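Chains: A, B, C, D and E, in written order; residue numbering restarts at 1 for each.
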Amino acid sequence: MDHIFFFYFAAVIATTSVLVVALRNPVYSALALLIMFFHVAGLYVTLHAEFLAAVQIVVYAGAILVLYLFVVMLLSIKSEERYHNQLPVAGLLGVMLCTEVILLLIQSRTASSAPAIPADPAVGPGNTEMIGEALYSTYLFPFEVASLILLVAMIGAIILAKKDINERVQQ
Amino acid sequence: MAVPLSYYLILSGFVFLTGVVGVLIRRNIIIILLSVELMLNATNINFVAFSEYFHNVAGQVFVFFALTVAAAEVAVGLAIIIALHRTNSSIYIDDLNLLKR
Amino acid sequence: MIYALIPFLPLFSFLIVGIGEQWIKDRAHLVAVPAMVGSFVLSLLALHDVATGQTVNVPLYTWLTSGNLDIHIGVSIDRLTAVMLILVTTVSTLVHIYTIGYMHGEPGYARFFAYIALFTFSMLMLVMADNLLQLFVFWEAVGLCSYLLIGHWYDRASACAAATKAFLVNRVGDFGFILGLFLVWYSFGSLDYATVFAQAGTLASKTTNLLGPIGGTWDVSVMTMICLLLFTGAVGKSAQVPLHVWLPDAMEGPTPISALIHAATMVTAGVFMVARLAPLYNLSPTAMTVVALVGALTMMLGATIALTQTDIKRVVAYSTMSQLGYMVMACGLGAYSAGMYHLLTHGAFKALLFLGCGSVIIALHHEQDMRHMGGLKDKLPVTYWTFLVGSLALAGFPLTAGFFSKDDLLVSSWSAGPLGQVLTICGLLTAGLTAFYSFRLVFVTFWGKSRVDPHHASHVHEPSTTMTAPLMVLAVLSVVAGYLGIPAFLEPVFHGEGAAAHHEGSAAYSIMALATLMGLTGIGAAYYLYVLNPGLPDRLAQQWRAAYELSLHKWYIDEAYDRSLVRPTLSAAQGLWKHVDVAIIDGAVNGVARAIAWGGWFIRLTQSGQTQHYALGMTLGAVVILTVYLLL
Amino acid sequence: MTFPLQDLLAILPELIVIGTACLILALDPILATDKKDILAWLTLGALAMCIGLTSAHLTGHTYAFSNLVVIDSYGAFWKLLLYVVTGLTVLLSLAYLKAERLSIGEYYGFILLALAGMMVMVSGADLLTIYLGTELMSLSLYVMAGLKRTEARSLEASAKYFVLGAFSSGVLLYGISLLFGLAGSTRLSVIAEAITTQGTANPMLSLALVLLAVGFGFKLAVVPFHMWTPDVYQGAPTSVTAFMAVASKAASFGAFLRVFVEGLGGASADWSVLFTIICVATLALGNLVAIVQTSIKRMLAYSSIAHAGYALIGVVVAAGHGGEGSSSGFASVLLYIAVYSFMTLGAFALVGMLRKEGQESENIEDYAGLAKREPLAAFFMLVFLVSLAGIPPTAGFIGKFYIFMAAVNGGMTWLAVVAVIFAAISAFYYLRIVMVMYMREPEGAAASQSRLETSPALSFVLACALAGVVFLGLFPNGLWSLASHAAPLLK
Amino acid sequence: MTSFPWLTLIVFFPLIGAVLCFLVKAESSRWVALGFTIGTFLLSLPLWWLFDPSTATMQFVERASWISSPPVNYSLGMDGISFPLVLMTTFLMPFCVTVSWTAIEKRVPLFMSMLLVMETAMVGVFVALDFVLFYVFWEAMLIPMYLLIGVWGGPNRLYAAIKFFLYTLAGSLLLLVAILALYFQGGHTFDILELSRGTYGASLQMWLFLAFFAAFAVKVPMFPFHTWLPDAHVEAPTAGSVILASVLLKMGTYGFLRFTLPMLPDATVTFTKPMIALSIIAIIYGAYMALAQTDIKKLIAYSSVSHMGFVTLGIFVLNIQGIEGAVMQMVNHGITTGGLFLCVGIIYERTHSRQIQDNTGLAGPMPRYAIFLMIFALSSLGLPGTNSFVGEFLVLAGTFLWSQFATAFAALGVILAAAYMLWLMQRVVFGTPAPAHRAHLLDLNARETATLVPLIVLVFVLGIFPNPLLTRMHASVTNLLNGQKAPAFATTPPLPPLPKAAAAMAAISPSSSEQAAAR
């Protein structure tokens, strides 16, 4: 059962990811990505990460991708008539890398068991409550840093994208 | 666990490299950013799979933060794209070649 | 101690005149001449002391010490030195006086006095040296003075070239000298005459393998090596073949210099050195033979060239060369005292001849070509008569000093074995030639019709007393010097090791007779050709074209040197510079720089400005590293 | 869950920086345009407080926030360096922004936020914190690079930086995920333990190493991950370039060493080989390409690439050496980066303020005859360049001295020889600037000659950089003992 | 031993002047420079009497810690080898100032201050007793020299300056690596004396020798690393040429004496033959190059290659005469070639040409100048009675002990020296002036005379009384040869005492001594 779900999700994810890269129309690419996000979320569910699955859909599909589409529409971007001319080289490299990475990954070993981390209560993953608690206790500091990142992104986006402010003081 | 960990790894590896190739071959910056999202999602699959494998919440927490960062990057990236489009009226990255050599 | 002043009086004179040249100007002789006279007087005192059996040693200071190399500068006088002192101071004093007149009104008047004072100092220090290095130091110093004096008229291109040539040719000789000097030091651990002579015997049979460094075998006697190397220096300084080429050109200098340096003193330094180092030469028969042969060759070469020269000073110069050949030959045959004897008398009459030439030249406003002279004996009587005395002495006319010394020389040579006898015959032949060319000079210059440039002909007159007085003194000396018993005085220096001259009665007398005969024949031939049949020489020259040209062009030796040494050296220098230094060595340096810059330029192409190329680069890097990991 | 007060005290400098940043962002809209200098002074005040606070942490080794943050002498070293260079950058910016007529109060906020990111990077004990710190810094820098947003080149720099930065951080993150899979945690100490127990013959580890090398290589700007550097350095506003070239590089080195020594130290045999190759390539490329540049900013960019190569020598050698000796190797890296910071900052400060007809003049040709027009400026530039070339008695020599010393001590004399050959080559392009400044007459009309736009702030920056370069060159003892106390130890 | 910090004072006194040059008016900076260079010389002068010639130990030693880890000390000291060089340096500097008095018109304060910085660095090199300190001084002079050539030099100055800089830098950076290697092999110290006491493995010595060689041979410069020299010399302003020729070149040979010989005795012996071969090639090749030149400065520059060949020759024959001769030759070449460059600078100021064809017949219009030039030229060609003869004589004597054939080849250089120098004199001093320049040929003024006369005096003083200087180096040179590692240098048998002259003959050449041994 798990296998079926996995293979379904994996197949769709792989296909849509290729489509994202291959489709020339940005809108189609974005839509392919949207489909992928949903299936990644599904994969998360099979991995008992329900909270993340929800976040994936809300943040990625709901916010990020909409933002993308918004910009694509805003700038009325046409489909690309050609790929970058380094396609053959890049493709070759991609294939090589893919072979190598997969070769390496299937030989890999992982830690035999989860190390005991005192701060983490030994609970099953996928518990939204646990994640929330971890975020506001153990991971409070990264959380604050992440908030700063968002702050930077927000203000930075404003600074970069605002149009009409005359920054030359004395002109 | 029914599905071997390596399956997830191979899936994520594939998606990751698709993203890498996307960055290399697409000229539209927006698509390049989408490709980067592919790379980040591949990473997230890894984290979640390891998290499940280890019964460890840390991986999921990491994904949460990665998601946040991705969102922030998108915001900044799109702002840059808009600004670029305003000055260059192009969002093809190979048109950016004032600075070279 | 007072004898230290002999050289230092001229030195002071040099310093005062040289440094104060701007202020002293025409008053230079007021300093220089008294200093010279003082020096001369002291030399006489020294001679007296030496004659009474004392040898003088005045150590001055330690010049340098380094390891076991220990060089002192000092003054030492023995009999050999003493006679040289007399010669040098006498001639120098007379030349000083002569110069007052000769250089009168010249812009470089004071400078000239400074130079000859410096020369005199150096020459005196040279003869008074008690070690080889001091000898070498002043050997070079007199060379320097010679250089400066030849180039005295610095705006004359030929004078400058002659000066450079003189120095360079001497340098070649000194190259051998200094190597010989090192070999002496290496062999004996010292350069002092006394020490070296004392040890000389131990070295007599030692040999060294000359080809050792390149793996061959060629054993050569060390003593022969030493003697030959040192003799190289003498060859240069005393204008022996093949380094004689500088001497005739040196006549570009003012004539008093030719008299002092290039006739009487400096050029004899080589002979002096061989005589001085007799204890060493005596140990090497091979070296002696070489010395004798070189001397004989020079003697004949000089004489043959002198036959056809037309420049009055050059004739005398080649004659000097020829006479130096006599002396060297004598030394080479072991007749050191005879050689030295001839050196002294030659100093007197050759200085006389040169100064006489100077008088003529001054009288004719710096005309030196004999073909523009003639008939001067009435206008320049003092010059003529003194010149005649000098020429007689040179020709070995009986009862002149030259007669005695040349005779002594030839007789000594005859007694030096088979080689000596062959060379004596050469000497006799040369004596005939000598008489011929010296009287050719006399007849062409003083006799016959005047061929003087009409502009000057009217006011040709005898120069001032300062110039004629030295001529007369020298004329007297050219005669008197034969009666002073010089060989006997010198004999103790050489411990009688030289050939026992004067003792083989019959042979001695026959040689004396032959020499006289040769001399008279020469004079007679000259008279026949230049007085009785003035047109004949030209016809003979036409008839014997090749021989004449050979003689006139000095056996083409200068040309040969020019083609074989000078030009190849210069073109090799040019070639090396352009094709090796600039092209290869510097080219390599610049090439490296260019290659680096090219590398930078090439890599820079990767920086295309294309963002995705950059990403590709990163990916490529990762792929390469991963591949390496996979393969390892 | 509440935290002990000491956790907050431990990160007090970070809190001050963040707080000031927020204050600035808040104040900016309120302040009148001509009073924005206040923001800079505010920033400097905050930095001064931080210096005081961090100096107290020069000894000791404590963890905070569930072992996600470590407060130790290593972090303190970098932080102190970062404060100083940030302070100098702020002063430089004060002058630069005025000259460029840019009035953006947020600028100082971004500098402080970037600084906060850097501080998190160097004091992170967990890949998560380090990653987040990196992102905080990077995002701030992306924005800052594009600040002259009406100018195409500035935006282009920003875009390139952003695209490649996002790409590299994706790679980095993937590497982190693999390490997580390897060790079950992103904590550096746990990763180190896992490597010790599992051994290094794990393909996943190798892959992770390579991916991390790409990620950090990008931040350090080493070959072949360097290619963004010249373009971005050239296009970004010069004060930002200075900040990037100095602070960002220092922080990246800080994080890089932290991760590779404390986390991946067990695999040092593997990654030291990897970085040896990168190091030689970096030395070669940086120095060779710098020769043919015509823009001084690009030239300095390549120079900064090359200097990363020199610093890597220390890393490689220390890693190859291991044990007690590694400490002095790492110390040489710390010292080198500190020294590099002063001279590079000084050079960029001058470049930024040298203008021709109101524009930045960045062509090397514009420096022709500078020594005549601006003797003092030319002299300052001379000292910085000489130091960059590593000629005594400047700090650049001391830096190279310790690096080569480490190399010879570590038995990698050949690497030192390679490095000196490239050091000799590097002298060429530094001296070319000297040559242009001192030995060439300006071409063209006098009106178009470039001049230095001075201000007290700039003078102070230059004086500080010069003092740093000269003082460290003559009396390196203090910095060296600081560096050797702070240097990590490879177990 | 004295507690008074003489050396620190001498080293850093000029630096005060260097700063002061900028603080006074541009015109006065000349006087500042002159004052400080003369002051430095006066400060160094007492050392002549304070120096104790009987000991080989370092004198006037000062020591303070500079860098604590690794232990780098600020330690200075002086022995019989560095002593003459320091005095020569301080002696020459005032003339560099005076000759630049009117020749340098632009950026005078910078020029003067660079001269003073150079002085600090140069003296520092000669008195440093710590290898790193030495290196710091060694490198520190590159930038001022670079500026001297590049700012005030001739038309091709940019190329020459950068070539000089890179060439010497490349060599000396290898030296730095060698210094560090020595540190780890030599007991973790940079102290020169301690390093000299250490013993090192054969292969290490070889490598270190090559690294040292890279630095020193470029500086000397030895064939074939000499091509920077003609360019640098020709393009540099007069003072720069003087400093280059007189002092900078000596630092290379000083390096050989101070470091290579004592620290790497085995490698030195191993490399003796190639080093001597290179030296002799340099002597003859440099002379040939000089023969081909039409530019006076270039000619003198190439003559320096030839003369420095004598120095390296003397050093590597490894006997007392050779090394003392080398040190003498270093001093002499400094004075003589310095004087020649000063002379060229003076004439260049008048005719603005360094070509021989533009500067002919100077004896007529400029008699005093002609005499001075002639004296320097004669000294340069090694005329006895002048200083150069002493050095060359001793070097050749030393070489003779090593190999007679080598001596013969080296002595060829003396002939060639006479050839190019006299030919130069023939063309420049003698003859008639070029009409175009006739009007500019004014004889030396008081300042120029004052610049040259002291050098002339020294030419003769050292030529006639070399012993006071030689005695001051005996102890140090002997110590260098018979130091703790004497056996390494035993290749040249010391000359036997006189009574054994016969035995000496057995050793007259290597082969015959072998034969003697075989018998």
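Basically, a contact is a pair of C-beta atoms (placed from the backbone, for glycine too) under 8 Å apart; a residue touches a chain by one contact, two chains touch by 3 or more.
Everything numeric in this text was worked out from a predicted model, so none of it was measured.
Trainee: Using direct touches as single steps, what is the fewest number of steps from subunit C over to subunit D?
Mentor: Counted as steps through touching chains, the separation is 1.
Trainee: Identify the chains adjacent to both subunit D and subunit E in the sense defined at the top.
Mentor: Expected: C.
Trainee: Within the chain touch network, how many edges lie on the shortest path between subunit B and subunit C?
Mentor: Between subunit B and subunit C, the shortest chain-hopping route counts 1.
Trainee: Of all the other chains, whose mean CA position lies farthest from subunit E?
Mentor: A
Trainee: Can you check which chain pair, A-D or A-B, has more C-beta pairs in contact?
Mentor: If we tally the contacting C-beta pairs, A-B comes out ahead.
Trainee: Looking at CA centres, what chain is most distant from subunit C?
Mentor: When every chain centre is compared against subunit C, the largest gap points to A.
Trainee: Where the centre of all protein Cα atoms falls, which chain's Cα centre is nearest to that point?
Mentor: E
Trainee: Distance from the CA centroid of subunit B to that of subunit D, rounded to the nearest Å?
Mentor: That pair's centroid distance is 26 Å.
Trainee: Would you kindly tell me how far, in whole Å, the mean C-alpha position of subunit E lies from that of subunit C?
Mentor: Inter-chain centre distance comes to 35 Å.
Trainee: Can you check how far apart subunit B and subunit E are, centre to centre, with Cα atoms defining each centre and the answer in Å?
Mentor: 66
Trainee: Could you put a whole-Å number on the gap between the CA centroids of subunit A and subunit C?
Mentor: Centre separation, subunit A to subunit C: 102 Å.
Trainee: Note the residues in subunit A that touch 2 or more other chains, in rising order.
Mentor: 84, 86, 90, 93, 97, 101, 103-105, 108, 110-111, 113-114, 117, 138-139, 142, 146, 149, 152-153, 156, 159-160 - these are the residues of subunit A that touch more than one other chain.
Trainee: Residue numbers in subunit E touching 2 or more other chains?
Mentor: 166
Trainee: Where in subunit B do residues touch two or more other chains at once?
Mentor: 5, 9, 16, 19-20, 23-25, 27, 33, 49-50, 53-54, 56, 58-59, 61, 65, 69, 72-73, 76, 80-81, 83, 93-94, 96, 98-101
Trainee: Which chains are in touch, pair by pair?
Mentor: Every pair of chains in contact is listed here: A-B, A-C, A-D, B-C, B-D, C-D, C-E, D-E.
Trainee: Spell out the residues on subunit E that touch subunit D in their complex, using ranges where they run on.
Mentor: The touching residues are 67-70, 107, 110, 132, 135-136, 139-140, 142-143, 146-147, 150-151, 157-158, 161-162, 165-166, 169-170, 173-174, 176-177, 180-181, 183-184.
Trainee: Within their complex, state which residues of subunit D touch subunit A.
Mentor: For this pair, the touching residues of subunit D are 1, 3, 11, 18, 22, 25, 33-34, 64-69, 101-104, 106, 109-110, 113, 116-117, 120, 128-129, 132-133, 135-136, 139-140, 142-143, 146-147, 149-150, 158, 178, 181-185, 187, 190, 193-194, 198, 202-204, 206-207.
Trainee: Can you list the residues on subunit D that touch subunit B in the complex?
Mentor: Within the complex, subunit D touches subunit B at residues 128, 131-132, 135, 139, 142-143, 146, 149-153, 155-160, 162-163, 166-167, 169-171, 173-174, 176-178, 180-181, 184-186, 230-232, 234-235, 298.
Trainee: Can you check the complex and tell me which residues of subunit A touch subunit B?
Mentor: 1-3, 6, 10, 13-14, 17-18, 20-21, 26, 29-30, 33, 36-37, 40, 43-44, 46-49, 51-52, 55-56, 59-60, 63-64, 67-68, 71-72, 74-75, 77, 80, 82-84, 86-87, 90-91, 93-94, 97-98, 101-102, 105-106, 108, 110-111, 113-114, 117, 120, 122-127, 130-131, 134-135, 138-139, 142-143, 146, 149-150, 152-154, 156-161, 163
Trainee: Can you list the subunit B residues touching subunit A in their complex?
Mentor: 1-3, 5-11, 13-22, 24-28, 30-31, 33-35, 37-38, 41, 44-45, 48-61, 63-65, 67-76, 78-83, 85-86, 91-92, 94
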